[in-house]
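The same chain A turns up in both complexes below, where it pairs with chain B and then with chain C.
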Partner chain A sequence: MVSHSLILLIAQQKKLQLKFNSQVAMKKIKRTIPKSKKTLQALKKRPVASSVVKTNTLKDPLLDKIPHSTLEEIVRQQTDELKVRKGQLRQGADREKLGADREKIAEEQLYIRTKAMESTFDGIFIIDAKKPDFRIIYANLAFYELTGYSKSEVIGKNYFLLYEASENLFFIDEIKHSLLQGNPFQGEMIHHKKNGEKFWSLLRITLIRDKNGNITHYVGNKTDTTLMKQRELEIVQQREELLHVTRVGMLAEFVSSLAHEISQPLTAILSYAQAAARMFSGKEPQLQEILQYIINDDQRASEVIRRLRLLLKKSTPTLEPLNINVLIKDTITLIMTHITVKNKVLKYELDNNLPLIQGDRIQLQQVVLNLISNSLEAMDSIDSRDLLIRSSLKDASTILIEVKDSGSGISPENMGHLFTHFFTSKPNGLGMGLPISRSIIEAHGGHLDAKNNSDCGATFYFTLPLCLKEHHEQ
Partner chain B sequence: MNNNRQIIYVVDDDVSVGKSISLLLKSHGFRVETFTRSTEFLTFKHPKVPSCLLLDISLPDINGLVLQEKMVQQGINIPIIFITGHGDIPKSVKAIKAGAVNFFIKPFSSTKLLDAIALAIVESKARNKKQIEIAQIWRNIKTLSPRELEVFRLVANGMLNKQIASKRGTALQTIKVHRGRVMQKMHAKTVTELIHFAQKTGIIPSSN
Partner chain C sequence: MAITSKKVFIVDDDESVCRALKTLLMTFNFEVITFNSAKSFFDAVSIDEPGSLVLDIHMPGLDGWQMQKQILESGSRRPIIFISAEKSDNAADRALKVGAVGFLQKPFDGQSLVDLINSTTEKITVEI
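Up next, the complex of A and B:
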């Protein structure tokens, strides 16, 4: 054990070039080294296998030449010394390693952060806040792409100079004012690219402060919201189109209903007058004259109604092949916000294998929208949230659409009047929605009705024929 | 024109409309029966005289179009003139297709209505005549013995005496006797006439 340790020790001493403080130890080592060198060389010349055997047996003749006590003394001293040294060394190395690791991690993080800034779709820029000229000191790739300006046109330049004369000056003042007050800014506006192209931009500017709370930088984030804006606009347009059609439909329905109500007494008046004229025919010339006036004016009123009917004659549905599921989903996008705001949950059960139907897209959307709005209103004052829309094949030639709510249901006294004009159970309802919906569905050769669910709420359902031929037979 | 024997039925839920039309038609000499519900009309015993029905499409119990179907089912063969407060084209097309003779949108002039009624009465007379004729043929058929009825069917189907005899396994002479009795009982002068009777009663499919 001793000889082996010694050899290792010597080797370590040489390798590490250690310096010993102890004078005694130094001398002993100087004496030992030449011998040790020889010992080492001798050992090296030996075949490896035998050296292993030798070191294990601890019986090396070369080592026997050093007195045992000396050897033990050297070993003990050196072992202690080495322990201390090793400890010191390990600490140092660890510190060094730790430092290097930290640096590496920091470098990696910096790299990732830079890459993240560079790869994001949002245009990011940093403005030096210590100087009054809003100088840009950094901008990411997306910023250049978004604005169309090159790096040299941006870096070191006043941020607001990038806003051409075409920009809304009101916004520039507002942004500056907000930042100089020490407030972040957020706003959506139309920006112009360098080439004049317009885009909708959501601009957010936050502030960076140093330890003392002084603002050092402004960090801006510019998002291109043009596509979102376009979609929003499309939805608004579609909704308005539907609303318009609904209003026109309501007016037509209103006039038609009014015409019907008025035509009844007009018919009676006309018939009474004609009967009287017949009964007194050839007698009472004055009465005859008056009766004729009544008849004439009645016919004048009838003519007004007839013309009104012609004017608001419901346009015949423009039939096109439609996928009812797509139509339902399209309609839902129009009121999804409404559903979410009302905190209701809409579920679909759409049969994806439904054949196409023939129908008027706008009119059918109107019906679906009307039924969903009704269902939402029925659940207004109630905690239940579930609204289900189901499409299925009723039989070989008919599809069935159901809108099932979990609201208050329909009271028996209301059930009979649901589709009557001007009947409404809602405080500000007109009583037109369901009659219009029903006449639309009937014009499509289908049927619209309502029933109460066995558990809670009501289901409004309608059928539509699958092929065009059947529609014409209606 | 004596309209006394002719009946005009009016079914309209608007009492005033029914009453005024009734008054107008009575002033022209018609007998008028008014109803505010379809069921009332259906349960009424309709005399076998030339008639016409003025029918409102939208009725509270059974709507006019459904009543039209029910009349066919119950064998009430009265020409219908629809009157409606709605200018409802698809419904009017459906009604006409189902056999209505005319269609008026309220309010309508009495002259046009009277013209339409006159046509409907003509139609009703023709229908009644046909109905009476068919009833008479059925009465004649009922006097036939089972064997004679069979011979009637076979002759109406265009079979010759010989064919009938071989099919029945009977002597030709016997068939001739049966056939003579059929002609006599059916009051048919010719075979063609006999075939017409069979067609009118639906014993053999109508050639038309």
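Up next, the complex of A and C:
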């Protein structure tokens, strides 16, 4: 009986192998395996002698010719094979599951990407590149908001027709030319909304190619850069304003210095001429006449200087309550590009608890800008990069601002002349920056000075009183 | 009395200005002694030595204001006339405020200086 069932089992297994790829077969095999296991265990338990006896009772002549051990081996092999197949089947099922998972993930990703395209602030659009008329086949929500056009006015329309209202004809040619050459495009231009409103637009168009390298689509990305442009413009204006004030300040300082230098000899000439006129009083009429001419011309020169001084009168500080840290940061904004280009690293150590000071914003910005510019120039020829700006409370009534560089420091012979008019160690310097800065700080009741650092470089520092006392102009 | 009170000290770091003012004041019969710094004046002139002082404001070392303060603190009542080549709106006011006789912006007419000096000598003469 047992051997017969073995034969049946073998036949069944063979039959099953034919249907292996179906899930039904799988289930059957699953059912069969425990059975064959049981059979095998029964065979193992049975004594060899009785098996011979029982074998004799079998009517199948084929089985009589096969030794039992061989049969047992066959069943074992078949079972092992089945186990392997079962494993393979499971893998197949796993693969199918994996495929389904992947499909789900792909769907999710597609959803996220679509959502991302729809939620971004950049206007995104896709143009069919296979047709010659730059037809838009997709545009995201931001594109409609940015341009002011509705979906029906965009989809299926020539992208460049949206430019009709604008004056950027040159740009249109450039964009078309670039795309038709197979190159991406990037440019910033003033664009017009449907209602004519202007905005700054950064436009980038990239190309999509198929497997054969043929361009199938253009993908455009339009960013509204109006705010950035405005900010840039503001920074440029502020910088210009500051530079203008600095230039005027320099000119005033220059005239003041020149006037002072000329006034001294004019004083001497006038006194000499008046002395001579007195010495020859009542005598030598021709000499008297000449002396009078000298006196008159001296006074004429003095008058020219007086007018020049009036014209370029140093502006008196306009005092307002100022947060010195904000002022420092504002000033740095104006020079940040310069710092980055020079590959320098600017660090702050600003005391956030400083009280407000009374000061002239523009004039103090001028000082901070001048000190930073000097520090950057001091580090020009040197690999050192660090620039530190520190604000702190020096004592209860004074704040201290330090600009510390890691440049070459100040030589002892230059140290004494730093604040002298027209003294400069720079090839293109005027020698006006530091004297002007010092006079501004002194007009604010503070003090500006410099010292060499213990390691390397120099520190320029100035103090400002918290309460501005009446300052006497000298 | 009249002779000593006509003594004038000039302190100015500009050599040429000192020499020219001395030449001019001498034509007005003043006895003039010049110095190029506050230090050289303090080294040479005692507190009680009579004479007016024509004092430049901008000088290296002690400037005119500081020098005047020091003179005042020493107890001297020496008449002082400030002069300066630097343009300053409130120097004249400040000069009077600190007790000086007056202020003259360079270049100035010699007669104005003489008038100021004479006003001080007259004042002193009257007081004495």
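We take it that the second predicted complex is superposed on the first by the 369 of 474 C-alpha atoms of A that agree within 3 Å, B and C clash if a C-alpha of one lies under 4 Å from a C-alpha of the other, contacts with A are read in each partner's own complex, and residues count from 1 in each chain.
By our rule, a residue touches a chain if its C-beta (ideal position, glycine included) is under 8 Å from a C-beta of that chain, and two chains touch if they have at least 3 such contacts.
Quick caveat, the model's predicted, so the values are computed rather than measured.
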- request: Classify the contacts of A:N453 with the two partner chains as first (chain B alone), second (chain C alone), both, or neither.
  value: neither
Task: Applying the touch criterion given at the start, work out whether A:I269 contacts chain B, chain C, both or neither, answering first, second, both or neither.
output: both
Message: Looking at A:T225, would you say it contacts chain B, chain C, both, or neither? Reply first, second, both or neither.
response: neither
Query: Touch check for A:A443: first (chain B), second (chain C), both, or neither?
result: first
Message: Considering only the contact definition stated at the top, list the common interface residues of chain A for chain B and chain C.
response: 256, 259-261, 263-272, 274-275, 278-279, 298-299, 302, 309, 474
Field: Residue ranges of chain B touching chain A (in the complex, touch as defined)
entry: 14, 16-17, 19-21, 23-24, 26-28, 83, 85-87, 90, 94, 105-110
Residues of chain A that touch chain B when the two form their complex: 256, 259-261, 263-272, 274-276, 278-279, 298-299, 302, 306, 309, 313, 442-443, 474
Field: Residue ranges of chain C in contact with chain A within the complex
entry: 14, 16-17, 19-21, 23-24, 26-28, 57-58, 63, 65, 83, 85-91, 94, 106-111
- line: In their shared complex, chain C is touched by residues of chain A numbered 256, 259-261, 263-272, 274-275, 278-279, 298-299, 302, 309, 472-474
